[in-house]
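Common to both upcoming complexes is chain A, partnered first by chain B, then by chain C.
And then the complex of A and B:
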């Protein structure tokens, strides 16, 4: 692969072509992100409200079912992993804006790696929690799995989006003059990480 | 002159011949927003009729107060009732409105196409398949009140897929309005119909995910044994409460109100005088419907609390707001020259029935207000002994009025834009007949439901009451009402399919407005406009005509 960027080939005064669909991908991503946040927020609201009612009743005992523990190490590591992924996603966008494709691919690859790491850590955490989804007489287990599972699905979607935009960048669809696709993917990634922090506080910290 | 486009010379489009209505083969994978829009409208109309037939069966069952005439037990009745509710809203009204929006919004904002048009096509196929699976699940003892666990689970999954498909279609519509408008087309200049679709899309993006969350819990609860019996699954009928009970239900009437106002302006020949005010009012109506929606998502038991302060205020406000929107339409009626056309009749009827529904729903707000006074100020005031409408058929009556108004508005919208979307008009006589049947049926359905509610009939489950009672009389009235609406929609579907598939109906453009969609051929060629329009007002074609006159 050549190290020469487009900027080095083209004269300074040559204007790049305007994107054929200005900002549509970013706008669409923003709207879809709002819908995703509302759905995920609904699940977390349901969890928090059910827990509040449980505690308010007073005679039910602790909220977590007997024998279930939620360690803090894994959730905190997951939070740090996702914070690191924010840096790499921004790195991908910034390098694309500089037409530095080599850095873009490295940054996208690292972001996806962090995403996989988050999913793997969540799987390990669920194993440690030892909460069977069926058989909880009080019906609490589905609330945990609905919120955590939905966030895993959102993470998968964010990874797929970033991977597709990375491949399209590789194919030359995006350049320094048009980073719309990577902007959109980065925006959705930020939304995904923000939602993790809501999950982290509502379930892993306050339990 | 500010518009670079000119009206097509011939009323009969030559493009209508060069771009025939695509059969199924052409529909698969198409990126033409008009073709995708037609598909949504046609399939939605058929499902709407199916929902009304299910509703008619449920109404007949309800009318037999002494026992069970059609179904075997209360749980089966819940399935039938739920199927009607799902098909009416997620199968019929919402898809028809989405289809109109996908076809018309890009034309009205001067765009060369819909944002993510192939995504919109994918959403159509996903929705179509999902609704088919939902019907299948009901047929095999699934859905709320279902006895077969696998098919209840399948129902929840298919409902989630249908809702997700609708959400994606709404993203496409809203993105087009926000990002693909013509030069000079500011948001305050977009036509009222497009604004209605935009507000509808944003409201749907905020409301449907809440329902998706409830459906996910329904799926998990059923699959993992937390709802083991058919009776315990009857409560799943409440998952649609967040979008299907007033005031949340008003999100579907925002676009029909927009369509009504725009149709009235075209068919009276007088532009909307208070354009920006109408846009603002439609936004506030959607806001009022959403505030209550959020607060209804309050319990795992899926019980909707109607004793909610914000909800009371929202419902009280909506009637006034609808009245104000109709006032703007009334100005066009007063100053223009109304012609008796199907869109005008449907728009007027829809608006007035909606106002009636909103006004009637205010009656139910007396109860929470008095309860508030009882709790906080004067304990001697108590309505509970003689006035209790919550949990009764009263809310079914209100729902019938609002849904009927939405159906009428959607039918009017299809009649108004039929020629623009597929190059053929619908039959005017059949249109007026269907509008009359739907309008009268809606009023009668509302009367039956509200009356039965005052007589104390609970919404669900079905109960044995004494034959010949007042409740029975009102339930028979409801049957007549739903039957009339079903007959009206059947006429509409027949007319629609004849025009769309058999290409019956006039090819001459029946009317024209002053918004951008009338500056191109019917149906539009690919790319919609030969050159990109530039606009400087909300009525670009009126500006164009004035410029030519000068």
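And then the complex of A and C:
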């Protein structure tokens, strides 16, 4: 039986990989985060402007269609969930800086769990709101769903980023000397949570 | 303290906040509202004000990151990371298709959410494959200092999965995209569409087998096919399916 292993393809004197230049991933993530912030901020501005014009006209009735209410319990719980996730994301980075891999995996897993919890709560909130996309609310509902849906997409991207960095940590790519991937994922996670608070204020609080 | 680059970026941030306030005032906003970001009083034109405030916050974040990274200054970063000299950025030797495939997956997912569940499944499958492939590529790229050895290691690890996964994905994409078009056009139109599509595929494959084509040309053709599939899917799914008339058997009235 032949022994097929990775050693067979490695030449005798293969050079080791040069250490990667620091901060590249963090700078890339910062640029992506900035783009996300400006894009999402503009979307929320559009929402607020449309709402202000609707109210200023006076003849259109209330901004929220008849029978639609936005409860505050779920948005506040979502905010608390995301605040908790900030702690676990920082825990992941700090434990990797201490080469404590077991705690890193637990912290990454918990952060992803909080992310899933946020998405599930958003789904429940949308069900409670029961805002029809057509009919009487056709001029307003797409804006609600666009803003909330965009934030869900940002959350999905943040979760994917963190999950991939978790897998790379599991594969040994990161250690106390190189925490760059987890730094980047944590930065994007913070941006995602900050964006939620903008959404929370613009849509759920001021309605 | 603050570096030259970060001072510039903080300046843009400050200018954006000031610009937002000025914009708020000149477009009919309230002074208190323009300062408190609408907490008390109006902010004038919401889109202009909101976009400028978003740019202000975004530039502030970028300024903080630039300060922490010391404008990317190699000597300072080397001193902070405890090495004598920083290694140079290693450019990728082999082309990576995972970024365009990610774009394909995201677009298919969005189309799927809006129009068709099959496209959604295609998008999720494409993104899952990309996540796996990209992880393996990132690992292999820094496995050794020899890029050829790295590529061989990547292929040894992922090729048994890569070929069947990408083939299945490609077949699913073509079948989905073309089938939407076939369902949307008339009976005669569907015959024409499928004949032309089959002829084009046949001609391209024969051409590729006869001549030594640059890999970039093949990549371009695959990208064109991906865009055509998505465009066909969007048009077909948006137009909807034609009416199908079941033949009535003799004697049934």
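The rule is simple: the second predicted complex is superposed on the first by the 185 of 207 C-alpha atoms of A that agree within 3 Å, B and C clash if a C-alpha of one lies under 4 Å from a C-alpha of the other, contacts with A are read in each partner's own complex, and residues count from 1 in each chain.
Definition applied: a residue touches a chain if its C-beta (ideal position, glycine included) is under 8 Å from a C-beta of that chain, and two chains touch if they have at least 3 such contacts.
Note that the coordinates shown come from a computational prediction; the quantities given were computed from them, not determined experimentally.
For the three-chain arrangement built by superposition, which of chain B and chain C touches the greater number of chain A residues?
C
With the two complexes superposed on chain A, say which partner A:23 touches: chain B (first), chain C (second), both, or neither.
The answer is both, since A:23 touches chain B and chain C.
For A:134, decide between first (touching chain B), second (touching chain C), both and neither.
first
Touching A:113, do we find chain B (first), chain C (second), both, or neither?
Neither: A:113 stays clear of chain B and chain C.
With both complexes superposed on chain A, which partner does A:84 reach: first (chain B), second (chain C), both or neither?
Neither partner.
I'd like to know which partner A:42 touches here: chain B for first, chain C for second, both or neither.
After superposition on chain A, A:42 lies in contact with both partners, chain B and chain C.
Applying the touch criterion given at the start, work out whether A:32 contacts chain B, chain C, both or neither, answering first, second, both or neither.
In the superposition, A:32 touches chain B alone.
Pick one for A:142: touches chain B only (first), chain C only (second), both, or neither.
Once the two structures are laid over each other on A, A:142 reaches chain B alone.
Could you say whether A:171 touches chain B, chain C, both of them, or neither, answering first, second, both or neither?
A:171 sits against chain C, while chain B stays out of touch.
Overlap the chain B and chain C contact sets on chain A and report the shared residues.
Looking at chain A, the two contact sets intersect at 21-24, 27, 31, 34-35, 38, 40, 42, 45-46, 49.
Under the touch definition given earlier, write down the residues of chain C that touch chain A in their complex.
38, 45-51, 53-55, 57-59, 61-62, 65, 69, 72, 77, 81, 83, 86-90, 131, 134-135, 138-139, 142-146, 149, 152-153, 156-157
Provide the residue numbers of chain A that touch chain C in the complex, in ascending order.
Per the touch definition, chain A meets chain C at residues 6, 9-11, 14-24, 26-27, 30-31, 33-35, 37-38, 40-42, 44-46, 48-49, 52, 160, 164, 167-168, 171, 173, 187, 191.
Which stretch or stretches of chain A touch chain B in the complex?
Residue positions touching the partner: 21-24, 27-28, 31-32, 34-36, 38-40, 42-43, 45-46, 49-50, 133-135, 139, 141-143, 145-146, 150.
Using the touch definition up top, name the residues of chain B that touch chain A in the complex.
Per the touch definition, chain B meets chain A at residues 115-116, 167-168, 171-172, 174-175, 178-180, 202, 205-206, 208-210, 212-214, 216-217, 220-221, 224-226, 297-300.
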